[in-house]
Structure formats: C-alpha cells, structure tokens
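First chain written, first letter: the chains are A, B, C and D, and each begins at residue 1.
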Amino acid sequence: MTFTKTLALTALTVAALANINAAQARDQIRIVGSSTVYPFATAVAETFGKTTEFKTPVIESTGSGGGLKLFCAGEGDNTPDITNSSRAIKKSEVDRCAKNGVKNITEVKIGYDGIVFANSRKAKPMTITRKQLFLALAKDVPAGEGKLVANPNKTWKDVDPSLPDLKIEVLGPPPTSGTRDAFAELALEGGCKKFDWLKAMKKQDKNKYKAICHSIREDGGYVEAGENDVLIIRKLEANPKAFGIFGYSFLDQNGDKIQGNLIDGQEPTFENISSGAYPVSRSLYFYVKNAHVGKIAGIAEFIQEFTSNKAWGEEGYLADKGLIPMPMAERNKFSEEAKTQTNNIQM
Amino acid sequence: MTDTIDTSLSIPKNTSEIVHQGLKKRYAAEKRFRRYGVVAVCVALLGLVVLFSSILTKGYTAFYQTNIQLDITFDESVIDPKGTRKTKDLSSADYAALLKKAMRTQFPEVKTRRDKKKLYNLVSSTAVFALRAKTMADPSIIGQTHSLWLTASDDVDMLIKGHIPRELPENERRISNKEISWVDQLIEAGSLEKQFNRQFFSAGDSREPEAAGIKGAIIGSFYTLLVTLLLTFPTSVAAAIYLEEFAPKNRWTAMIEVNINNLAAVPSIVFGLLGLAIFLNVMHLPRSAPIVGGLVLALMTLPTIIIASRAALKSVPPSIRAAALGLGATRMQTVFHHVLPLAMPGIMTGTIIGMAQALGETAPLLMIGMVAFIVDVPGGPTDPSTVLPVQIFLWADAPERAFVERTSAAILVLLGFLVSMNALAIFLRKKFERHW
Amino acid sequence: MNTIFIILALVAFSIPAIVSYRWRHSIRLVANPKVELFVRVLLILSSLIAVITTVGIVLSLLFESIRFFNLVSPLEFLTSTVWSPQTALRGDQVGGSGVFGSLPLLAGTMLISAIAMTVAVPVGLFAAIYLAEYATPRFRNWAKPALEILAGVPTVVYGFFAALTVAPILRETGTVLGLDIASESALAAGSVMGIMIIPFVSSLSDDVIRAVPRSLRDASLGLGATQSETIRQVVLPAALPGIVSAVLLAASRAIGETMIVVMAAGLAAKLTANPLEAVTTVTVQIVTLLVGDQEFDSAKTLAAFALGLLLFCVTLTLNFIAFKVVQRYREQYD
Amino acid sequence: MLAQQQIDPSTPTMGQNQQMSIHLENNLKVKVSDVAVYYGDKQALFGIDLDIYKNQVTALIGPSGCGKSTFLRCINRMNDTIESCRVTGSIEIDGVNISDRSVDVVELRSRIGIVFQKANPFPKSIYDNVSYGPRIHGLAKDRQHLDHIVESSLERAGLWKEVSDRLDEPGTGLSGGQQQRLCIARTIAVGPDVILMDEPCSALDPIATAKIEELMDELRQNFTIIIVTHSMQQAARVSQKTAFFHLGKLVECGETEQIFTNPQDSRTQDYITGRIG
C-alpha cells in the first residue's frame, strides 16, 4: 500500500541522513592556532588555494594554546592537520599529544616576530627598559633582597622617576596567547633577571623563579584584551594613555596610528628584529601532524608553498604582511626538513 | 426632593470658572506630553536613519573598485619556457614576473629595488591569480600582448576613494608621496579607473580586502538556511497543527505551550552552547559546517514559526471545520484538506520572518566554529563555510582599512536580503489576506 | 554526502507539490486509519521537539556546569566579586590565580542593559503612546513598520555601528567635554542596544495600549479630561501590566544580547556603575572563553557553560514573570 | 486650542440653577440648528433643529441606527474623537455655539457630562472613579473637600449607602446597575449643567433600570438631562420632552405626552405603534 511505501521511503531517507555523519576523508586542510601566525597562514593558504588544484585550507584563529589543544586531541578527520604557534611546543603539550595518540609531529619554524610595546601616535613615545617593564607589570615585585611584595606601582613614575606620571594601563593578550607567553619570557623574565637574587634562584628553584618572573599583575594595570590584536590597536588609538603589547606585524600594518616604543634602547624595526638587536623578539612556528600527510590531500604541497622563497623569503609576500624572515641558511634547513618531515618532535 | 441631599456635601458649584482657570496649564501639559511622543518617534526613526546612512556612506564605495590598466605581454619565455603548454607547467609558472615587467615598462624611471617593490605593490597581489586563470583558460594567449584591467591594491583603492587623505603628513599615511605620483601618472594616462566591483560578488573571502568577496558567505548562508528550513518548517507546522487542532487542553499541552513561549525568549547564544555541547562534542558533526549551523538555527526559529503557524490556524473560522466535519470528514482530513491550505499564507509569512531572523543571526554560529578563514565557496551543507553575518563579524575585526568599507557593503547586502524577505512576507500577507 | 543532501532537499520540497497534485486529481480521498494514526504520532512528536530542545539546553548546560562546579565552588561563582579566568592552561605555564566570580559580569551586564533600558523604555513607550493615541493612521501605518525594522536589523550590524560609529563619536564628545570615556564604554554598547530594543518596547506597548477599551477613553474624555490626562491616568494604568511585560521581555533581550557587546563592550571585568568605563558582560565572556579554545576540560571553558546556565536562568525568570503578568492582564479584559 | 472666548459671567451655573428650581418653560438651555453629521462621505444626520430646556429630561427615541446617539455625542463634542467624523450647523448652549473652534472641548465637557450605554468604570477603586473628574479639573480645595464631593456625588447617584464601606474596592467589581450609577456619580462629581445619557439602561435588568429612572427624575431638579433610549416606555416614564429620530432626520419633537398620544407625523405614529423600528 501507499502507506507502507511512504514508511519505507521515510526509513530510507532517515538512513541516508544518518549516513551523512559517516564521514568520508576530508579534502580540505584544517589549520588552527596562533592569532599572530594567522595572517601569514591565511596569506599562504589563499595563494595555495588559488595556484593549485587543491582546496583552500580552512583556518581558525584559536590562540597558540587553544590550537595545540585541538591539535593534540587525537588523529582523524575531526582534528586539525596543522596548528600555528607563536612559540615552540612545550613538554606538557607534547605529552598530551602522545597520550592522545599523536606521536609524530613535524615542527616548522617560519620566521621571527618582534613583540612591540606600543602606544598611540597621538601620545609621546616612551623609552623603557625590560627591568622597568617587569616592575610595572609583574604580579609581585622584589622589595629588597629575597623579599617580594604585591606590585605597588600605580603609575609609570612609581616604577622609575624618569618615566611619565601616567597610570599604568597596558592592554595585552590573555594567557591562551603565545604572544603573552613570549612577552613574559622575553620581556618580563629579561627584566626579572636583572635582580641578582632572582637570577640566582633560577638555578635553585626553577619553578618558583618562573612563577615570580612570569606572573602578570591582575589588579587592573594589565588589561586582558583578548586574542584579537586588532582590538588592542583600536583601543590604543582611542586611548592615548594606554600601551599595548602585540606582534610586530600589527605595528607594521598600523604604523600610521600607533608607534612602537624603544625597549632597552632598541627601536622595533624590521632590521633590528631580524638582526636580533631588539630584545623582545620570538620565533613563529607551525606544527604538522605527520599521520595526516598523504591522507588529507595537499598538506605536503601546502608546506612547500609556505616554505618557498616567494612566501617566506626576504622578498616574499609574507614579509609584506610583516613576517621577519629567517636567514637564508636557516630557511633552507627548515624547508628541507619540512619536506622530508625529519624535524620530528621527540616524544 | 432637594432636601434629601445633604448640603454640607458640596458638589462643585463653579466648575466652569475653575476649569477655565486651569486650562492654560493643562493644555501646556498636553502639549508637552504630545511633544514627548513626537520626540520619541523622532529619536527612534533618527536612530534608524543614522544607522542606515552611516553604513551606506561607509559601504557604497565598496561596490566600485579601483583597477589599473596594464599592457601585459604573455611572454612564452617566462610562463612556459619549455613550450609544453601543459597544465602542470602553466599552473606553477611565475606570473608575477609578467606583471612586474609590465609595471617596469610603464614606469621606466623607477630604478632602485626599494622603489620597484613599492611600484609592484600598486597592483594587488591577487592580480597574479587573474593572469594565471586567464592563461590556463586559454593557453593560446601566450606570446600575445593584451591590455588588461587589473585590481589595484587596497592602499591605492583607499587613496582614490579618499579614505587615505592626501593632506596627511607622509609618515602617517600608508602610501608614500612617490606612490601617489605614480598613481597620478596612471590617472592621467587614463589607465586607472574605478570600475564596478564584480569580484565582491563572485569571490570568497580573502586576506586582501581588494580581492575579498561575499559569494562564499552568501552560499554558506543559503545552505544553512536550507537546512534550517527543511528541519524547522515541517516540524513547527506539525507542532502547531497538533497544539491548535488536536491537543487536549490539559496540563501537558499547557506545559508544552509555556515551553514554546519560553524557548522563543532564550538568548540565541544559549542555542550556540547547545550546538557545541551536543552536535559537535557528542554527535561529532563536522565543525564550521552549514549542517550544524542549520540545526542550531532550526531549533532557534522553531518557536517563532510554531507561534506564527498557530495564529494562522486559529484565524481560520470554526465554521470551515464544522462544514467539513459535518460532511463526515475525519478531523485529520478536515485539517489537511481545509484548514491547513487556508492557513498556509499565514504560515508562510511566519516562516519567512523566522528565516529572516535566522539569516541575521551570528552569536550561536560563533560557538560552532563558523568563524574560520574560508576562501572556497562551499559546495554543500557539510563543507566548511561561514555565513554572511559571521563574515561581517570577521571583517569588522580585520586590520586593513579597506575592510571597513567591505564590511559595510556586506552589511548592505545582508540588509538587502532581509528587506526583500520581509517585503515578500508583507506581499504574501497582503495578497492572501482574507476577511472572514 | 552533499549530493545526498541536495537530493533529500529536492525530495522534501517536492512533497507538497505531489501531495497537492494528488489532492486535486484523485477521486478518492478516503481516510486511512493507519495513516491517520501515523500522522497523529508525527504531529505529537513534532510538538515535543520544543520540549526536547529545552531539555537539551538544560542538560547540556547543567552537565558542563556541574563539572565546572567540581572545580570551582558555586559559592565563589555566585558571590565572588573578582572575575579573572586566568587558570594555567598547561602544567608549566604560570597563569593567574583564576578567580571565577560572576558578580562583576552580572554587574556589567546589568549596567549595559540598564543603559539600554533607559534609552529604550522612554523612547519606546512614548513612541507607542504617540502612535497609538495621537498619530494619524497614515503616519502610523508608515512609522510602525519603520520602527520594527530596528528589531529586524541583525545584531552584528548594530555591533559594527556601535564599535565604529557610536563609540568614536562618544569618545570625541567626551574629550570635548573633558570626560574620559573609554572607547569600549558601556554607554556606547548600551545606547546602541537601546536603539535595537526600542521596537520590542514600542510594538508590544502599542498593542496593549490599543487593546484598552475605547469606552474607558470615552468615559475620561466625556468627563472633560484632556487627551494626555486620559492617557496618563486611565489608559496607561489600564495597560500597565502589558507594558510591564513588554519591558521585561525587552530587558531579557538586552541581557541575552551578544554581538553588540562582543564587538563594542570591553573584556575587563570591573565592578563599576560608571557608564563611561568599559565593562564586560556574561555573553562577552561566554564568547571569549569559547571562541578560540574549545577543549572540554579546563575550568575556563566549563565556566562558559556555567555562565550560559546563569544567563538562561535569569532570562527564563524574566520571561516567566512577564508571561504571568500578561496572563493576569488577559484575565482582566477578556 | 485654548479657549479664547470669555465665559459670560452671567452664564447660569449650577448654584444659580439650584436656587431657581422653579420650572421656566422658556428657559432654553441647548439650541440646535441645522446640524448635520458626516462619517467620511456618509451623512448620518440631516438638518437637525431642536430646543432643549433646563431642568427637563429630553428623550431622544427612534429605531436603531437613526442617529440619535450620534446627535447626543455632538452636544459635548465627543464626536471629535472619531477621526472621520464631521459636524456642521450650530449647537448653542447658553447662547454659545459649541461647534465654534474657539470653544474648548475640555471646558465644554466639564459642563456637559455624558453617561454611556455600557457602564464603563475605570479599573480603579470606587473612590478614584468618582474623584477622577474633580481631580483632573482641580475642583477640590483639599482632601476633605474631595471626600465631600465623592460622598455627595455617590449620594446623589443613590449609591452611597451601598458602597460607603468599600470605596477602596475596584469599581469593576460592582453589579451592572451599580456600575452605571457609579458612572453617573462620576459624571455628577464634576458639577455639569447638562448630563447626556446614551441608552444608560439598555444593558440593565428591570430593577436596576427602575432605580436609574428614579434617579433621573431626582437629578432633573439640578441638571438638564438628555437621554437616548430605545425604549418608548422609558421615554414616556422619565421625560418631559421627546424627540423622534428616523433615518438621520428629526421627525418630530414635543411634549412627551403629546408625542405618545397625539403624534403629528405618520412616521412617529408608526414607530410608537410598533410598525417601524
């Protein structure tokens, strides 16, 4: 009867619907990770998509920490193939990956990024040292030998009389961000080390040393402005009294609105960062899940595009986006290792 | 009789006088009150006007794009030195070299490396893709010289459109004096023009604002709404029919009703949380896919359409039901043969309005990963894609100045869709409006 | 699988055509009890979907929230005045202490909603009064849909408008007046949100004002009251329950609104009543906690669900009250 | 529009009326000449001429839809509230043409009260219902005075005894007849000269009707009353003058007794004998 037919048809459609979930292999690369690497990765992805027969990779900006978390959740279609990171993968993350069955990861370093301490062009530039930054932004600051107090500094002048009498208001990324990690490591720890007793502590109690040197104040002087660096720039533009912490590429893109301040006497310029003179600069990476190479179409070709000279070279389009290229020799090394997937992270 | 009234209980005797004295004040109050009303309506309408005009003035320029005309020589020695004409070779050829050469020919006086780099940057970095596509489509072009209009870079575009004022000091402007002089030369030669921005409607997202388009987002929105419609329309009409025509009036149906009303007022982001927790984390449906977005939006629009459908069913007079039942039709037949067809226009109107609401929704889709950078136009509801409002959200956050204009233009397109959907709903209502 | 879907879609869309064709051309429309039963069951199931959705929402929120409350005490969540979700994400990372007090978020939400309501309630109410009582039918027919457009504009558009147009204007004005207005001030987000919810107040109020029986107006006018006296002393008190519920619904809309605040409000949780400062809201935090880091095990992401639950409860309560008020109002006039 | 026209101080107000409670047949209160009413393009009333005298009850009768309610509503310009309604001709009250734009409706309505067909107490307490008029017009000097006004109005409307102990209860809680008397009390409280009644008993049972009719007779001492009724018996019982309307025209007007016993027009005859209606 018609009714039975209808029923059968319904059953069929339901079965078909259920089938949708039984996924075929993905034909599109999925990338997650750092918001600092995001502009570079998207630029490569777009070029890759438009100049090859492969689909354009899908990229989500999740922050380095979030990206590595998703990346290390396991292998398979529902996990990303590549994660961008604005810092090297940490031991704990490697362990987590291994625990979830992600045992084979290739690390590719793509270049450098300086972390700038910037403010609005409408305001006066400020010259600052890493030690001053530490004193202004750390959660606890040393008060004499071996003693710590909760950061009492309210204005820059409190930190150092040579600095202006302005409320300390620094907009920076949250702890999920690689930029934040790098800033803590390079700038704060750099300043922290200037205190001899703290430097000495490093050898005795590394964890405590890190806890002191990397903790950022939570009493309002440091404002977590989210992963979105663009937002920080907009806020700085609007509030000339505030300072912001973000990657050099954003300074490069917005040089008409904001200015990078000198840290330890060094100006955040392309040349200074590239040469290593600017103290707060870091390497940028992406990580590839080796097990996905060959399964998901185009990963090898994508890596090749990323590591080609027309992308990450001195004249490449990534340099236009603000990436600071590695020297030729280093580029060749990473490019080769990426191709052969030999730069595996030790599990 | 008069003496039965207690004279100490006075009724106003000189009403007229007192009223007359108070009139001026009362009319002043009346006028004031009325003025508040006028002001309120004006404020609300002003809000509307300011909103629309600010977006319109920011966005209309995006429908035009600055293009540069260049004489490109498709030099065989550059593109296909081996002369194979094979797709593989053509695919990976250095088309940028063609462009650079054309630029150098146009501006022979530019010599230094730095200046040359700046010069090349006048044309969008995506123009290369256009040259590649052209060559791949018709390899016979190799060896010929063609005068082509190529997309200018966003900085040039912004300069031409006046978003980068020429009066700014050079160090505060993203485009140098030298570059401006080249642009002026091009304008003089008639090879720099604002033309209709076809790419905006035919391309997917891009990192380069001048190449970014909304096609991917529109198709993504289309698939998402398709999924929403397929899921929500039958279920909500069925639910409305049950509740309005069949359900006994008891505590259970009352609970369902209260439930539907409450669901209609649940913040949309909560539906996003539901989608994340259940569709992604429990059911493992693909991230960033219209199918998940559609599911979430279907649940969200369900109450809207149920409520509208019930109202439409309710408006069918009982006499129609009585007539059918009187002829011996079953209740089911009565409903499906008579009541439902008559209620259909109302249901359609409600559905369109619900769909319009779903089209503009952003927050729940952020929760299910539809905020990725997706260039390719999705081919179906399981491909990763974004939707128009999320694309707007993404562009609103992009650093490039030119994206402000694109964002506004995308908003205009979105509003265009919404207005036409609502106009359709009004049209349907007007056309099929029945007075019983 | 996309092809399967498209075929399914085509089938689904052709069903009504097939059915109506059959209905028009077949000569027998005899009822089939089996079909009727089947259809009836389908209808009942459909009406249960709304209930299932609600249960799904509650369960998914509750389930994750319980896991969150295993890590963070509910007492802290509800009473602590500090919101600083900086728990370390990895063992070797030194994050902040991670304090999850929802009060500053609620306070921020309330501040922005209050600003929105200060804009929307007077404007919406007076607009409703004007349209219902004073305006000519022609103006009304034109202005009411125009106002309703405001409710149909996607919130992401308002967010863009607030962040790029209103906030800078406010800031500039502040500078001229010598006020320090944050670029993510609660005022910018709140006032734009206020514009958005004007029609929620005005449309519903307009309906209830018009539902006040004409006889009451006649009675008052017949006594010599002016129109505004009639409105203030007779019409509005009679319509009050409806207006109250309109306002409550608008408030619940404001509290649950996400995109405007995500784009125009701040991220720093602050306990302040100063509308010129930047505050953050519950919805902003949900988005920030979830967009970017979707793993399901840290207190941070779980906190988003706890916040979602909180939001759900608050709006549900408001809706429930509004619903009850309207119900009593209906009883009075039906 | 503010009333520019000065109220003639010689205008007899309530108090004076009370003093001269003697019937003066030639004491003309309302003079209606050539009034026509249009609703949009449709004409509802045609050239009405009618004189209404003080301290009398004038009944307007006629079949439904004949325009008697429309006419009644012209007298205190309630028709102003209907968008499409247009009134021509003149209605003079105490010699002043109230259709004149310079006449203020608020002031006019404070002098010409109206009671509607269906009792329409405000959803407020009994006290608030009665005190509403005096309060908006600012008639009471103080709280005590207001209490007095309320009490005496309720007293006059014959409701005081029934409600004196529950003034705080909502007026909507009273029975139909009580509600209508409350509305009358509300109207009296302003202290008008003329009370218009638009089929005040049509929704009431015979006992309540009887009470209101009794009340009207009492009120006649102090007010000029114009009542629209569809009941000829009622008109015969309560009124001194009767006007018969038919199809928007005033057919005949005269002493009630004369109209009912010796109508001049055949249509009146037909109506009172039940042949049309």
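Everything below uses one rule, namely that a contact is a pair of C-beta atoms (placed from the backbone, for glycine too) under 8 Å apart; a residue touches a chain by one contact, two chains touch by 3 or more.
Fair warning: this is a prediction, and the values are worked out from it, not measured in the lab.
Enquirer: Using CA atom means as chain centres, which chain is nearest the centre of all the protein shown?
Expert: Smallest centre-to-centre distance to the global C-alpha mean: chain C.
Enquirer: My parser should flag the chain pair with the most contacts; which pair should that be?
Expert: B-C
Enquirer: Cα centroid separation between chain C and chain D, in whole Å?
Expert: 50
Enquirer: So the centre of each chain is just the mean of its C-alpha atoms; given that, what is the distance between chain A and chain B in Å?
Expert: The answer is 31 Å.
Enquirer: Any idea how many Å lie between the Cα centroids of chain B and chain D?
Expert: Taking the average C-alpha coordinate of chain B and of chain D, the gap between them is 60 Å.
Enquirer: Averaging over Cα atoms per chain, report the distance between chain A and chain D in Å.
Expert: 84
Enquirer: Which chain C residues reach two or more other chains?
Expert: In chain C, 1, 5, 8, 163, 224, 226, 229, 291, 294 touch at least two other chains.
Enquirer: For chain B, jot down the residues that touch at least 2 other chains.
Expert: In chain B, 19, 26-27, 291, 369, 371, 382-383 touch at least two other chains.
Enquirer: Which chain D residues reach two or more other chains?
Expert: 106-107, 110-111, 136-137, 190
Enquirer: Of all possible chain pairs, which ones touch?
Expert: So, checking each combination of chains, I get A-B, A-C, B-C, B-D, C-D as the touching pairs.
Enquirer: If we count contacts the way the header does, which residues on chain B are in touch with chain D in the complex?
Expert: 1-2, 4-6, 8-20, 22-24, 26-27
Enquirer: Under the definition above, what is the set of chain C residues touching chain B in their complex?
Expert: The contact residues of chain C facing chain B are 1-3, 5-6, 8-9, 12, 23, 29, 31, 36, 39-40, 42-51, 53-54, 56-57, 60-61, 63-64, 122-127, 129-131, 133-135, 143, 146-147, 149-150, 152-161, 163-165, 195, 198-199, 202, 224, 226-229, 231-232, 249, 252-253, 255-259, 262-263, 283, 286-287, 290-291, 294, 296, 304-305, 308, 311-312, 315-316, 318-320, 323.
Enquirer: Touching residues of chain A toward chain C in the complex: what are they?
Expert: Chain A residues touching chain C: 3, 7, 13, 16-17, 19-20, 23-24, 61-63, 65-66, 69-70, 73, 90-93, 139, 174-176, 181, 184, 210-211, 214-216, 218, 220, 223-227, 234-235, 237-239.
Enquirer: Considering the complex alone, what residue numbers of chain D touch chain B?
Expert: My answer: residues 2-3, 7, 11, 13-15, 18, 21, 104, 106-107, 110-111, 134, 136-140, 145, 148-149, 151-153, 155-156, 188-192, 218, 221-222.
Enquirer: Provide the residue numbers of chain C that touch chain D in the complex, in ascending order.
Expert: Listed in rising order, the residues of chain C that touch chain D are 136-137, 213, 215-226, 229, 233-234, 237-238, 332.
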